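Next come two complexes, and both contain chain A; in the first it sits with chain B, in the second with chain C.
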Partner chain A sequence: MKIEVLKLSDEKGRFLLRETSSAFVNAIRRSAMAEVPKMAVDYINVYDNTSSLYDEILASRIGLIPLTADLNSFILPEECECGGEGCPSCQVSLTLTAEGAKMVYSGDLFSMDPSIQPSFPDIPIVKLADGQRVMIEAVARLGTGKKHAKWQPAVACGYKNMPKITIKDCDKCGKCIDECPKQLLSLNKELKVKDLMECSLCGLCEKACALGAIEVGVEEDAFIFVVESDGSMPVVELMIRSAEELGKKVLELKEDLESIQKDAGVAEIGQRRRT
Partner chain B sequence: MELKVFEKRDDELKMEIRGEDDTLLNVLEHTLLEDGRVLNIEYNIQFPYMSDPMLYLRTDGTEPIGVLLDACERLLEECEEFKSKFEAASEKTK
Partner chain C sequence: MFPIRCFTCGKVISRYWEEYKQRVKDGEEPGKILNDLGIERYCCRRIFLTHVETIDILSRYG
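Right, the complex of A and B next:
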């Protein structure tokens, strides 16, 4: 496997993966979206809400606010010693108190744990008129995207095969240049592709060419992987955790298979004894 | 994860992998297909999609669980390789 970073910031990443299979890349993608745990508000206690929004809508809006967290210091409620009831090692509460007239933003959430903060302080929650009040306790827990989209750390995550455009016996008529919706082709003595990675594989240039001189294909074992984080963790951490989560699943399967193999061995010995 | 074996012979294995989905099964299937000892490998998730996948594996006579374990080993290596290569590649851009 060869990995090349094309673009990388905390929010967005674009990578070129070579010598791997679509099955593995897809597993990484699925794992990043559905298996990597992150913090999100799971439920709220409403002490006062005279705003124009119902409690349920507030709960939904607060739940979808991405929270940054030190993930190593928390565990999933299912795996916690408290059995999912809620204790300091699996949940954190945030309070929201505001009185109108004002716009309530995610930055107004006050966290009991300084390591847990909204990733963006400027997400609007509710607009309060003069005299309206909200007083809410929000409880954040770890979860995975499989259960609810609020626990999904990768928001835009996908891949495509590396395009491969072959040109031979071209008569330089230039018809394909006008057809390309991304304007990737140029004719300057020779027909050339400007940015191969931008090609969307639509194949319009192929159809425009009467000679069949241009051919759009893919490299079967090379992939352009695009990922965007919701702000709860940097892209690098997200990708590494995604591979870790996949590895954990495989390891679990391996251990279970080994125990089956052992049990089967015992059963066979037992049968032999009986006969 | 919980495994429930439905059928097990010298060259065949039919089992349910509870609590898993395409994330693990698709890549596992692909890894097993690359193994020359595997004659047939397929899995099916019945409607609704929340159902547990049923895995069916037929080998050329090799112990099927052993073949599965080898596949797991190769997948683990691939995950580790991805992790280390990715770390190295992202270090470079900093």
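Right, the complex of A and C next:
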């Protein structure tokens, strides 16, 4: 597989992957969305809430705030020695105390562990009127996107085949130019495609051409992969971690199969199941 | 209150709401503000365009 970076910042990435299959690109996408763990507030303890929002809505809003964390120093509650009850190696609490009249922002969350902070300090949580109060302890834990979207580090992650537009025997009538919704075609002595990667493969130019001179197809083994991070980690780290998670799964499968082979119990295979 | 994230794609959008609201009030065109703020997808844009703020009305009955 060959990777070409088209655009890359901390929030957004666009890559061109060549010599690969859609199955593999999809595996990476699913891994980035559902398997990479990140920190998010799992539940809150409400000591005082006289704001206009219900406790549950506050919990939902605080949960959706992305948190940046040193992920290597925490483990998933399910894999923790405490058995998921909660201990310093699998959870961190943040406190929020505010009194109105004011807007409460994510920056007002005070973390017990300085390495865990809201990614953006300017997310509004609740607007308090004069005299309204909130006093909350929020508990953040590691989790994965398959359990809840708040633990999903990749936002709007997807791919499409690389478009391939072939033009031959064109009579330069220019009908396809008006038809293209993205205005990618131009006629200057010759019919040309401005930005091939922007093509959405709608095929309207094909229909507009009476001669069948323009043909929209795809390159079967090339993909444009787009990914956005929710802010909890840079896109590069997200992609590395998604590849790691995918690798872990393959290794697990390999180990399982090897242990079955060792036992030489072919009849047993059907009864073996991983939890 | 304005949703923290886009219902559909999950992008964190609430941080742009206050600026958007102020600029609409100052007479700018909503579509142009959203382009300027980098809200590209229509799933995120519809939340801005259709949101009705009710928190100030509710807080009177607290």
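Quick note on the criterion: the second predicted complex is superposed on the first by the 264 of 275 C-alpha atoms of A that agree within 3 Å, B and C clash if a C-alpha of one lies under 4 Å from a C-alpha of the other, contacts with A are read in each partner's own complex, and residues count from 1 in each chain.
By our rule, a contact is a pair of C-beta atoms (placed from the backbone, for glycine too) under 8 Å apart; a residue touches a chain by one contact, two chains touch by 3 or more.
Bear in mind that the values here come from a model prediction, so they are computed numbers and not experimental data.
With chain A as the common reference, chain B sits beside chain C without any clash.
Contact with chain B, but none with chain C, is seen for A:I28 once the two complexes are overlaid on the shared chain. By the touch criterion stated above, A:F120 is placed in contact with chain C alone, chain B being left untouched. When both complexes are overlaid on chain A, the residue A:S52 reaches chain C alone and has no touch with chain B. Of the two partner chains, chain B is the only one touched by A:K2; chain C is not. Once the two complexes are overlaid on the shared chain, A:K160 sits clear of chain B and of chain C alike.
Once the two complexes are laid over each other on the shared chain, residue contacts for A:P66 go to chain C alone; chain B is not touched. Once the two complexes are laid over each other on the shared chain, residue contacts for A:Q132 go to chain C alone; chain B is not touched.
Touch criterion met: A:Q152 reaches chain C, while chain B stays clear of it. Set against each other, chain B and chain C differ in how many residues of chain A they touch, and the higher count belongs to B.
In the superposition on chain A, contact is made by A:A243 with chain B only, not with chain C.
Remark: least CA distance from chain B to chain C after fitting both complexes onto chain A is 20 Å. Touching chain A in their complex are the following residues of chain C: 1-2, 4-5, 9-12, 14-15, 17-18, 41, 55-56, 58-60, 62. For chain A in complex with chain B, the residues that touch the partner chain are 1-5, 8, 15, 20-21, 23-24, 26-28, 30-31, 34-35, 146, 236, 239-240, 243-244, 246-247, 249-254, 256-258, 260-261, 264.
Chain B meets chain A in the complex at residues 1-3, 5, 8, 17, 20-24, 26-31, 65-66, 68-69, 72-73, 75-76, 78-83, 85-90, 92-93. Contacts from chain A toward chain C in the complex involve residues 50-53, 57, 61, 64-66, 119-120, 122-129, 132, 149, 152, 155-156, 228, 230-231.
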